[in-house]
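Worksheet: one structure, shown below.
Chain naming follows the written order as A, B, C, D, E and F, and within any one chain the residues start at number 1.
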Amino acid sequence: MDNLLGLWFESGIYQMATGQAGMILICMGLLFLAIRKGFEPLLLVPIGFGGVLANIPGAGLAFSAAENAILAGDVQFLADVTQLLGAEIGSTAKELVKMYDGADYAIRHQISEMAYAADHHNGMLYSFYSVAIASGIAPLLIFMGVGAMTDFGPLLANPKTLFLGAAAQFGIFATVIGAVALSAFGLMDFSIADAAAIGIIGGADGPTAIYVASKLSPDLLGAIAVAAYSYMALVPLIQPPIMKALTNEAERQIVMTQLRPVTKREKILFPLVLLVLVALVLPSAAPLLGMFCLGNLMRECGVVDRLSDTAQNALINIVTIFLGLSVGSKLEADKFLDPKTLGILILGIVAFGIGTACGVLMAKFMNAVSKQKINPLIGSAGVSAVPMAARVSNKVGLEANGQNFLLMHAMGPNVAGVIGSAVAAGVMISIVQGMLAG
Amino acid sequence: MDNLLGLWFESGIYQMATGQAGMILICMGLLFLAIRKGFEPLLLVPIGFGGVLANIPGAGLAFSAAENAILAGDVQFLADVTQLLGAEIGSTAKELVKMYDGADYAIRHQISEMAYAADHHNGMLYSFYSVAIASGIAPLLIFMGVGAMTDFGPLLANPKTLFLGAAAQFGIFATVIGAVALSAFGLMDFSIADAAAIGIIGGADGPTAIYVASKLSPDLLGAIAVAAYSYMALVPLIQPPIMKALTNEAERQIVMTQLRPVTKREKILFPLVLLVLVALVLPSAAPLLGMFCLGNLMRECGVVDRLSDTAQNALINIVTIFLGLSVGSKLEADKFLDPKTLGILILGIVAFGIGTACGVLMAKFMNAVSKQKINPLIGSAGVSAVPMAARVSNKVGLEANGQNFLLMHAMGPNVAGVIGSAVAAGVMISIVQGMLAG
Amino acid sequence: MDNLLGLWFESGIYQMATGQAGMILICMGLLFLAIRKGFEPLLLVPIGFGGVLANIPGAGLAFSAAENAILAGDVQFLADVTQLLGAEIGSTAKELVKMYDGADYAIRHQISEMAYAADHHNGMLYSFYSVAIASGIAPLLIFMGVGAMTDFGPLLANPKTLFLGAAAQFGIFATVIGAVALSAFGLMDFSIADAAAIGIIGGADGPTAIYVASKLSPDLLGAIAVAAYSYMALVPLIQPPIMKALTNEAERQIVMTQLRPVTKREKILFPLVLLVLVALVLPSAAPLLGMFCLGNLMRECGVVDRLSDTAQNALINIVTIFLGLSVGSKLEADKFLDPKTLGILILGIVAFGIGTACGVLMAKFMNAVSKQKINPLIGSAGVSAVPMAARVSNKVGLEANGQNFLLMHAMGPNVAGVIGSAVAAGVMISIVQGMLAG
Amino acid sequence: MQPSILEQGFDLMLFGMGTVFVFLTLLVFATRIMSWAVNRFFPEPEPIMAASPAQPSPGSTAAVDPKVLAVIQEAIHQHRAKHMP
Amino acid sequence: MQPSILEQGFDLMLFGMGTVFVFLTLLVFATRIMSWAVNRFFPEPEPIMAASPAQPSPGSTAAVDPKVLAVIQEAIHQHRAKHMP
Amino acid sequence: MQPSILEQGFDLMLFGMGTVFVFLTLLVFATRIMSWAVNRFFPEPEPIMAASPAQPSPGSTAAVDPKVLAVIQEAIHQHRAKHMP
């Protein structure tokens, strides 16, 4: 009979809180968008599924051993933890978990050891998160794979499109200002680290966003990743109105000169030039851009095709599954159902819009100061969202002139945007960590 | 000269105990069965090979750093360990290792640190076991791959075959009773956790058996995994006599109506329905069934085929190699050569037999209460052992009626059996951990 | 303004030391050799790239959390570390790092915990090194893949070519003598462990060299791996003069009898025979030769082709990327730019030369005592460097007699050399660890 | 009082087997409801035969002579036979 | 005095956006110099069109009737379409 | 007394090289015995040439016109050349 009662107390229906039920519905919605609407399914299917798993009541898949031990509610254990954390006597398990998450490394370490000793275990998704994201490894490996899939030919044929990729990053920093303003006016409670992590949504680059969020604001990682991938999928809806509002018909009809041929040697040397520049100027961007350059070098050098092939296929697929599930672990109800999430979603779309606009405006500015005209529609591709944004440039261009194929021209700013947001990521991590320490 | 003596003392011939020699022969037998007789070679080749490696005397590949340090026999270290474990002075190294294995987490942690400090290392197979099995990750990833290989079409066309999959799980629980009875009558010394882990052999599902054994009874894992995979390979010998004994010629000739077409949408929704049911009713089965559903969703949703492909190929292959070697580490002589192993082998085959019988009987019962007749031969497929058991149903059916192809009909209960044993695994882990804590 | 200054102090140009700049140039040279000259590109591309990353000033990618914390230079932290290490007050960060690297496990552990608590992290390459090489796993997995790619047919057809593989290992041990002689005469400061690790370059086998160096002399690993792979690529230049100098025209024209057919069963049994011999005679070689035999068994047994396929492709490619980057982490300037590196490069080429010569001389000796003549040119293939050395034998043979194809005959000693150096590796690790403990 | 191991075993069997049956019964109902709802409210134009182990992908409307394609698939199949027994 | 969060945000924007522009400007120059140097001192015999997404591998000088090859590539392509959307 | 590093080196050479030779000599004998036993007691019907680098898999008895198969294999080979140099 005890067993029967035990099973009932353990069952999900008994334990299910409204928050968890709501999160499961939200995650089902993400799965629907991914599967039926084609929203970045490679990431959103594992993320959504991981989110459901994270919210299964009583399973504790997204919790560490320490959190699971606290939630299990053994009286002696809770008393010890209350004392270690310096919490008020009689604090609830949820309050203790929150204090534990914010505690010093040494205290967390001690409580962890106690939890292991009491035979509690890290949840499956928590383990995936530790190995894949907290270590930084998964986003870096995905970035290596992306590097191995990237053709810098169009960029090398027309290097000044790098400026378009630079301008579009203003979306990132404008959003930082937006986030701190919300804080300053007391509407939200974002720290400077939170603001930086939210801003990176404007980079329109999934692995970069996850990497930055994991370093600066892991609690917001779930909402940031969901926002980044969702808006990347929505680029064909978000960008065209902005692009059309900022250009006139004549500008949209500009025909660009055909790109010059690029030699194999330039393609081999480009990742090395980029790497040296990172080494000289911006060491904090070395992990992200280093792995990206390694992937691209493996692709272009022509002598390690089997490594490049694995980086683009088996390895990136394996890592994607774990990355998605790990991100899903941050969709746990207590972390996600927070007014901050709403703020992140709003700021994220603003970031995309500003980035798009700045890319287009920069193109117009370059036309004003240079003889060789560029079609300002390719400026919007500078937000990255490879290759979706470039395809949008091409489509809007074809609407204005049915013979004007901009796809290849837009690939230049598109991959420049990847470099640009990786640079922004590096500099933000470096500055914010300095601010927090200083 | 010292070196020469040292090498001789280190050589395997000098150190080889009868047990280790015997285990190497047994493992060679497993390799023979796998390679020559086709017994589940994907698992039994790495398991058998790992078993040989684990029994190489003096190599310590299956031991932790602490065990290796104790066996190395430094006088001061042994004295310290003897004191920490509270062992009698003069205990042999083997006795100390046994006490160490049974000691509390805190003491084991302390001795481990001492061993690392004294420059001892975890053996290769021990490391594999820690990462692949003790963490639970390898069986879960294999289950994800199995999910990505599973077609629920036949089950969806005829959902009531789920009852056959349920009935066949009685093999699991009957075996639990058998194991505790052996204990109660003093013939063997199985705890309730051991009994549950042995029972799961009746689930006829390798990764499930390994997952449960790793959680409840890691010392018996080697024997349980070997029994599970061996009997799965023997399904074509074990099942037909039971199936024929419980059915008459007329029953075996029952022709089933063709399965209705199943739409893609039903196939996409089924893993989600199953997942929600797990979340509501049985959180303890969430890791196993969650990963299984994820694999199946990736297969069916049609938008992440590259992830599904990797889950079915590169990833499952890599994990299989490590899983097999890790299981092999538990074929170490001191752990495997034990009367318990004999008990496990006997109980295992009994479990298969009872499961088969219950599946067939359930089919006959369903025929007695329902109009739509089912051929009772497909009941035996409810033990899982996918797809071997379904093929056996088909073969025995063809013997009775050369035109009656049961394969597709048997695939329904066959995959139902996978779900059934995962449910049984979840509930057993949950109940037994409650009993041990309570 | 503070931020601007901070970024400048953080920039690579400000921090770059001559050593790091030099190492980046050297690594670019490695990349040039790999990409343009085809020097073992699968390894040297990731190694060279990893070397550049390791020398990015201020990024700390190759450092542990403790080293990064010391180099970060927080005053209180440095004071604590100085005291813990028993260093002189006022020691520089570099001196403290050096002392830390040489300190006891317990003190290193304590400083590590302090560094984590102060929010410092292991560099990316350091993490890769810990997981891939310090654990021994990456070289072992590569060896498994190599086993799965190796055809022992030619060796089985003519087992006495194993003697050629044995003789060529004299290059290893002669180099050990060379290294200790340099030490004894005060020219270099190699320990016996260093000498053994350097000697293994003569094994002409990348993963074996990395495995031994990681166990015996991790600080020299970078130089040893670079030397091993570079000289393997140079085999077509190094070997022919030695081969021609030690043979006359008549010997080089010896036509060998065609190899007998080898049955599948012999090929399946050979890795098991080798494994049993390792178990009986040389447990210390069990990890290397065990994984090698497992790979070969998976290849030959014919029932686990999907595992063998993965071991030869996805798995070995993934591991190669991490192995290369990890080796690159040891090309950090302070470790690589040392007179020892020059010694290693010189000793390495001597090892290759002596190994080649001994192989050829052994073949001539066997001709002197046996009736069945062998072409001494296949002796040089005993150094391994599979399949390059066998191709060199074939090429030099064709120069002497355009109809005499030696390739298949040379594959026997070639794969024998792999076994030979793995045996040498096992015995060296075992003897040296005995010497260090004794 | 600590229950005997036999009692524990029977408890485990009772609650375990009960849960398995309850769960799979719920799954039967949930599956039936799901299938009914899908076919009632969201029917697909072309249902796929349950018996077919692999569905043709939507992109495979042959632009290639089916015979040649068959030859190639046979070749790929034979090639694979080595790798996936 | 600890700067306000708004000040921190503006600092971040200023130095961040500045760094992005400086870095990418340096990259424009470095790329131009590299391209110029390559084409000036180490020209390749046959340049590859930037527009071509995939370069033909050096080994693919067809020893097979191009039509058959096209058929096969179509088949491989269709086969892949399932696996890499 | 701690032996000098030179003594240690010579010890290492002596015992190391000795072990290598002893081990490989044992392996020669063990291999010969194994081969003899296999061919004496368990002979295979059709021996496989040692020289052939890849064995035809048992399943490849051509049901396809060998010429077409050759064309396809050439195509696959060329396709692979890019990926596995």
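Methods note: a contact is a pair of C-beta atoms (placed from the backbone, for glycine too) under 8 Å apart; a residue touches a chain by one contact, two chains touch by 3 or more.
Since the model is a prediction, treat every value here as computed from it, not as a measurement.
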For subunit C, the least number of touch steps when starting out from subunit B: 1
Report back the single chain whose CA centre is most distant from the CA centre of subunit C. D
Can you check how far apart subunit A and subunit D are, centre to centre, with Cα atoms defining each centre and the answer in Å? 34
Whole-Å gap between the CA centroids of subunit B and subunit D: 21
Cα centroid separation, subunit D vs subunit E, in Å, comes to 42
Give me the residues of subunit C that touch two or more other chains. 3, 7, 276, 281-282, 303, 306, 309, 314, 427, 431
Multi-chain contacts in subunit D, i.e. residues touching at least two other chains, fall at 11, 15, 19, 72, 82
Using the touch definition from the top, list the residues of subunit E that touch subunit A in their complex. 4-6, 8-13, 15-17, 19-28, 30-32, 34-35, 38-39, 42-44, 47-53, 55
Give every residue of subunit A touching subunit C within the complex, in rising order. 104-106, 109, 135-137, 140, 144, 268, 272, 275-276, 278-284, 286-287, 290, 293-294, 297-298, 301-304, 306-307, 309-311, 314-315, 427, 430-431, 434, 438
Parts of subunit C lying in touch with subunit A, wherever the complex brings them together: 2-3, 6-7, 10-13, 15-16, 24, 28, 31, 34-35, 38, 41-42, 45-46, 49, 52-53, 55-59, 61, 113, 116-117, 119, 124, 127, 313-314, 317-318, 320-321, 325
Going by the contact rule at the top, pick out the subunit C residues touching subunit F in the complex. 151, 153-157, 159-160, 162-163, 165-166, 169-170, 172-174, 176-177, 179-181, 183-184, 191-192, 195-196, 258-266, 269-270, 273-274, 276-277, 281-282, 408, 416, 419-420, 423-424, 427-428, 431-432, 435
